[in-house]
């Protein structure tokens, strides 16, 4: 992550200024505010603003007149109840806004979450910096042989060097020629940018309510998500943890660490609990479902 | 508007507490925070929380690293530009949350705005207070003779008294019987409530981004909106004015005070500006369109 | 359900007309098209239009050029895979439109599903029929003693008669006075309607994509949903079954009949499967969670 | 646009098959169904499915029981009324689904319309064809000198040839190396694709209701939209014209051909109509607003 001096100064100035407010305030998140967390080779995520806290979830669920005098443990219990029973609207009452710098191919996955508000840096209007994502050697993965959209073993040695060289030279040449198109030929910006590679960095402001943020984090911090978006989800989950710790604790229990068993899996489970020895063949489950179920139960299968 | 003592105390306690924050803060809105503005006979609206300010619109449009050192006049110019050209996403970067007490028939219109977040007081779970909306005599309007969904002259004298008596007695009896159903017969709350009239009051937390708030205000503060929802829109517009004065100024110029002329109306306008005397018959416009156009131009027609 | 003769004729005329189309067509749903299914005492639901079928889900997932020549079993397998892994977007590619007549208190729950398109009969503009929902005696339930938003035992004998008499007389009087307000006093329609009770019937056109329809059906056909909305969900589920049988089969297995176990429940489950005898006290689960888990496993607890 | 033989056959097979339906059917759109309309050098758009017609808008607005026996002219009048007064929900009752092949930089603009349903071809899962957009010489525009996000004069001669050569060679090299990364090195598909340029073609199924389609078309068929997305909007507008001719006629009059005058512009207009000679200096409008207003009135300024 490389910031210019004036960008650093703007961030420091924003961090230095405080004002009194009557609004719900979360010191642990205030401490993180505006500071960029570096991700990948040139990316970052930083919190720009937030609204509400764990108590705001509770107040909305109760349609309260004030903060109330309930105990913290009662609030935590209600939050757990709301999360367990999928009462989603109280979690929509908190809001958070991020500034994110990310490769375009990551942005293309991210933007599919339609409930957020987004302002992206415009390459029709402005010129993109000469920054593109090159994977670290340990993330240079082969195509998975078992999963058509997954990664397998890590590439090593000469092959890895060859791959990195290709990625570097193509991105660099495309950006050099982008500059030539703009500066030498005066081509319209909206046309010149079409020459850039998908690992070029873009940036945006991205704002979401807490419920939809958690939905995003559940999908994108998952082991099946592409590594390059997962690192963003993980950094944002840590920020959410600082912001709404009770909500995130319930989220870890009832979403991240939870498993859904289908009607067919439940039937198998009941037989197993009754002491029956069940094998995939007689289970009524496909091989893949059986493997997923055994993995969830921590069994070899 | 009647608050219980404990509700008053909760509101006062919330107003008394302040904390330092690094977030964008708007003193004029802080001054209003939590305080209910009475509306109709038992309703209110109050601001519970907010995120962002006029500068946040500008920062999002620029994908800024900080608050920047631009002049206020430059920001105002950009906000006017964004509003004029329907660049809506920067206005989505501010958020506001209200607590509203309102009659159910108003709530039914309001909820049609689908982009907001809502937590309503549940009459499946709790018991509704004995409060229902009875129009003030000056709002007791006859059916319009020209507009099938509008109001005409005001009812007066004995007829007005008779109407008010009917409205009062039916709402009171329905609520008394609601209480009987609950207390004497122990009927399930979710069933007993079906006996209530549509002017019973409900309440909710309602949260919206600034763009969608303005869209709501444009439709609901309009002269064609039903009076009983318009008073809410007008109170909320005043709150928005305190919050984001530059944005609301642009909104008044480019939305509230603006008029859209169709292709057909533009053709008429060009003829008029060329000095031609145009009448409805030769205009190509329907009588209604012609009347709407003349009204917009401040002409008798 | 009472239709006027002209309404019956309009429905019959619509059912009688057919035209050739190149679009995906589902004979089992065509057979149901336009015909109202009676619900509660005066309500109904009927399918007005639809787009797509099970194969359309598969085509969208594959971004296909045609219907393909795959086997039915391959399509069913892909649909099951998409449902199991929460790949929701292919199910959004089918659409269905209903005409529904329903009590206003049911409409108020229903409208909270914000992703649908809705056109409601306007009581600002038109006059509501003299129809209101009175529960059948077997649905006259007492407030639950264990669940604040649930129903308990059924009311019987004189108490039941008294309750029904109250509900009937209040609704009838409110509607009679509504007529008086309109006809005798000429009160504006938008004001007169506020005198009606919440069990008055309204109607709307309601359109949803298949994914969001299933989400609605999962929540509203659930045992925790209020009976009066559940009957609509069950009727619509039967229509969906006629429309997209493979999708609904997967939905029954992976949603309706499925159970989600939290991280804490999974830990308990592993101990049980290892042969350990676990009681609520040592489980780390609350009493309520324990009871929910045992119910899911079909155990007394 | 290059289709494989099997793609052509699949399209022909879909076009050849018809079935009877009771649903609203539009022969003029049936004639276009499935047939790709070529756009740019390798793109296309084709209609895959639709629901509803002009009459369906009217039925939803009236919450009708049947198609009714109204005259076509009455329906057209109601559609014009709904469009003029921004009654948007009846237009949401029609739905259309497209299959689109388009460059990735166009897809990135397009996806910002969040209300549509989308299934995109996955480059994590599949391999992208060797197709990339190279502008035709007449669309090779210089950066505008007056509009930071616009195009100016067309590039000609040697400079144009140099620009095209750069665009072609960079896209070709990036795709060649993409193939090398996949085939020679076995790199994961989700990583190899990051080497592709933004003018590579992707494809998706895209489904929208009629209201949101018109909103998309209004923004993207506008003269300020980038040429490469405008051609798609224009082709889709022609398809909408075949589908719902009354709605599109009203849309052309009240949206595409309409102009909104701000409160400030209206004040100027009234002075002009009163015979006053108004210049920009004394108008209260900025130079840019003045120019926009004069352009709308067909005046030099």
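We call the chains A, B, C and D, going by the order they appear; numbering starts again at 1 in every chain.
We adopt the following convention: a residue touches a chain if its C-beta (ideal position, glycine included) is under 8 Å from a C-beta of that chain, and two chains touch if they have at least 3 such contacts.
Note that the coordinates shown come from a computational prediction; the quantities given were computed from them, not determined experimentally.
Visitor: Considering only chains that satisfy the touch condition with subunit C, which of them also satisfy it with subunit D?
Guide: Both subunit C and subunit D are touched by A, B, going by the contact rule given at the top.
Visitor: Please state whether A-D or B-D has more C-beta contact pairs across its interface.
Guide: If we tally the C-beta pairs in contact for A-D and B-D, the bigger total goes to A-D.
Visitor: Can you compute the centre-to-centre distance for subunit A and subunit B, using the mean CA position of each chain? Integer Å is fine.
Guide: 35
Visitor: I'd like the Å distance between the centres of subunit B and subunit D, where a centre is the mean of that chain's Cα atoms.
Guide: 33
Visitor: Taking each residue of subunit B in turn, which ones touch at least two of the other chains?
Guide: Touching at least two other chains: 118.
Visitor: Inside the complex, what are the residues of subunit D that reach subunit B?
Guide: 84, 86, 219, 252-254, 256-266, 269-270, 272-273, 289, 296-299
Visitor: So in the complex, the part of subunit A that touches subunit B is made up of which residues?
Guide: Subunit A residues touching subunit B: 3, 6-7, 9-11, 13-15, 17-25, 30, 33-34, 48-52, 56, 59-61, 63-68, 89-90, 92-93, 95, 97, 99, 117-121, 203-205, 207, 209.
Visitor: Provide the residue numbers of subunit A that touch subunit D in the complex, in ascending order.
Guide: Those residues of subunit A that touch subunit D are 103-105, 107-108, 111-112, 114-115, 118, 122, 124-125, 133, 135, 140-144, 148-152, 155, 159, 162-163, 166-167, 170-171, 173-174, 177, 180-182, 185-191, 193-200, 226.
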